[in-house]
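Structure record follows, encoded as C-alpha cells.
Should a chain be cited, it is by its letter among A, B and C, assigned in written order, with residues numbered from 1 in that chain.
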Amino acid sequence: MSAHTGYLAFLVHRVSGVLLTLFLPVHFFALGSALEGAAAFDTFLAWTERPLVKFAEWGIVLLLAAHLGGGLRVLALEFLPWRDWQKSLAAAAASLALAVGLAFALAL
Amino acid sequence: MTFRAQTFLWVAQRASAAVLALCVTVHLATMIYSIRGGLSAAEILSRTRGSVGWFAFYALFVLAVTVHAPIGLRPVLGEWLGWRGRSCDLFLLVVAMILAGLGMRAVFGVFL
Amino acid sequence: MRSLQVRVWRGGAQGAFQTFEVPRHASQTVLDVVTHIQRVLDPTLAYRFACRVGMCGSCAMTVNGVARWTCRTHVDKVVNKDRIEIAPLRNLPVVRDLVTDMREFFDKWARAKGQFRGARSRNDDFPALKPDTPARAQIDAGIECIGCAVCYSSCDVVSWNPDYLGPAALNRAWTLVKDERDSRKIERLRAVAGDAGCHSCHSHMSCTERCPKQISPTAGIAGLKREIASALLGGEL
C-alpha cells in the first residue's frame, strides 16, 4: 500500500501500541519491586543509570508520545465535525510526539 | 461476540483513551519534573508513600490501561495474525488480568 | 516515435505480467494504452470500460500500484521512465486479466442495508426537505458514489478482514442513516456495527485519498460510529 500520511499515522500508532503493551508488564514488575523495600528499588535504580537503559527509556517515552499523538488524531477524526484540515492531524500528532520526546531527552 | 458487544468494546476503548490522554500527560509531566537531578529510592518513596491522591490517580491509570491495551491488541491479532474468535478473546482477558495484577502490585508498592 | 513499456497482468489469480511496447503520444490516457494493446497487439486481453469519460467507473484498475480510473489517468501523470504497470483492482477475485468479479463488493453493499426504504406511499404528499440543513450537507458530501470500487481496492482493512463491509458500502449506509425519509435507520445501524462494520475502520484514509469523486468514506464511517454509540447508550440498538 502506498505510504501516504494517514497510513503512516496508523502504522506508527499501531506499532507503538503493541510495543508499549509489551513494555508495560516489565515497567509494572520493576516498580512492584519497591514492595520489597527501598534497598531493592535502589538496586534497580542503579541499573537504570546505564546509558543503554537511558536510551531505551527515552525510546519508550517517544513511543508513548507517538501513541498519544496518534490517539488524539483518531479521537479528532471520529468525534469532531468533519473539515479538510483533519487530514493534516497526522502532522500535528507527529510534532506533539517529537516535542515530548525532546523534553524528556533534555531532562535526562 | 455480538455486534452489540463489539460496539461496547469500541466505546470502552475511546472512553479509556480519553482517561489515558489525561493520565499520560500528567505522568509524563511528573516524570520529566521529578527525574531532574537524579533519582533514589528513598527520595521517590518519601514523596509517594502514604499519598492517597496519587494512589487513586495511578489506580485509575492502571484500570484504564487494563481496558485499553487488550481491546487495542484485538484488531492487531485478528488482522495481522488471523487470530479471531473465542480463544483470542480469552487470551486478551488473560492479558488484562496480568496488566491489572502487576499494575496494582506496583501501585500498592509505591504508594501505600 | 517514443514507446511505452507496459506490463499487464494476464491470467486469473495465478498468472503473470506480460510486457507490451505501445506507441507514446502527447495526450494519452491509460485506457488508451489498454485499448491499443487489445485492438492492435493482443485481442485476447480482457478488460472493462464503458463511458471513457469519467462517469461510470467501469475502467477502474491498479496502475503502478494505485487504484485509478484509467480513462481519467493521463499517462504523463503516472509513467515511470517510460514504464507502466497495469493490474486488476485489488481485494476482488480476478476473472481474467484486468477484469474482476464485483459481486462481493455489491453483496456487502446489500449487507450494509445500502438501499433506501421510505415510509410514504404514492398517495401521500411529498416530504418538504430543505436542501441546506447540516444533515443534507453531510448526505450530499457522500451521495455521488458510483460504485467503482477504487476505495474498496485501496482499503487495507478489506485486505486484512474478509468480512469487512468496506468504505463504499459504509459510506452509502451513512447517507441513508442521515436521510430523514428513510424508515430503516436502526436496522441499518445494527447491520453496520461491529467487527464487520464501521468499528474496524482504523482511519488510514486511503479511501478518501483515492476516491475519484472526492468523497470521504472515512468521514461517513466516523459519523456511523457516533450514531451507533448514541443508539447503544440510548438503548435503541
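FYI, contacts are C-beta pairs under 8 Å (C-beta built on N, C-alpha and C of every residue); 3 or more make two chains touch, one makes a residue touch a chain.
Owing to the predicted nature of the structure, the values given are computational and were not obtained by experimental measurement.
Enquirer: Count the C-beta pairs in contact for every pair of chains, then give the pair with the highest total.
Expert: The largest set of C-beta contacts joins the chains A-B.
Enquirer: Using C-alpha centroids, which chain lies at the maximum separation from chain C?
Expert: Ranked by distance of C-alpha centres from chain C, the top chain is B.
Enquirer: Using mean CA coordinates as chain centres, what's the gap between chain A and chain B in Å?
Expert: 13
Enquirer: Just give me the whole-number Å value for how far the CA centre of chain B lies from that of chain C.
Expert: Inter-chain centre distance comes to 39 Å.
Enquirer: Using CA atom averages as chain centres, what separation in Å is found between chain A and chain C?
Expert: 35
Enquirer: By the touch rule stated above, which residues of chain A touch at least two different other chains?
Expert: 14, 74, 78-79
Enquirer: Would you give the residues of chain C that are in contact with at least 2 other chains, written as numbers and ranges?
Expert: 202, 225
Enquirer: If I count partner chains per residue in chain B, which residues reach a count of at least 2?
Expert: none
Enquirer: Using the touch rule from the top, collect the residues of chain B that touch chain C in their complex.
Expert: Counting only chain B, the residues touching chain C are 1-4, 6-11, 75, 78-80, 84.
Enquirer: Name, in rising order, each residue of chain C that touches chain A in their complex.
Expert: Interface residues on the chain C side: 65-66, 138, 141, 154, 156, 202-206, 208-209, 216, 218-219, 222-223, 225-226.
Enquirer: Please name which positions on chain B make contact with chain A in the complex.
Expert: Counting only chain B, the residues touching chain A are 14, 17-18, 20-21, 24-25, 28, 31-33, 35-36, 39-42, 44-45, 62, 65, 69, 72-73, 76, 95, 98-99, 102-103, 105-106, 108-110.
Enquirer: Contact residues on chain C for chain B in the complex?
Expert: 157, 160-161, 190, 193-197, 199-200, 202, 225, 228-229, 232-233, 237
Enquirer: Where on chain A is chain B touching in the complex?
Expert: 14, 17-18, 20-21, 24-25, 27-29, 31-35, 38-39, 41-42, 44-45, 48, 61, 64-65, 68, 71-72, 74-75, 78-79, 100, 103-104, 107-108
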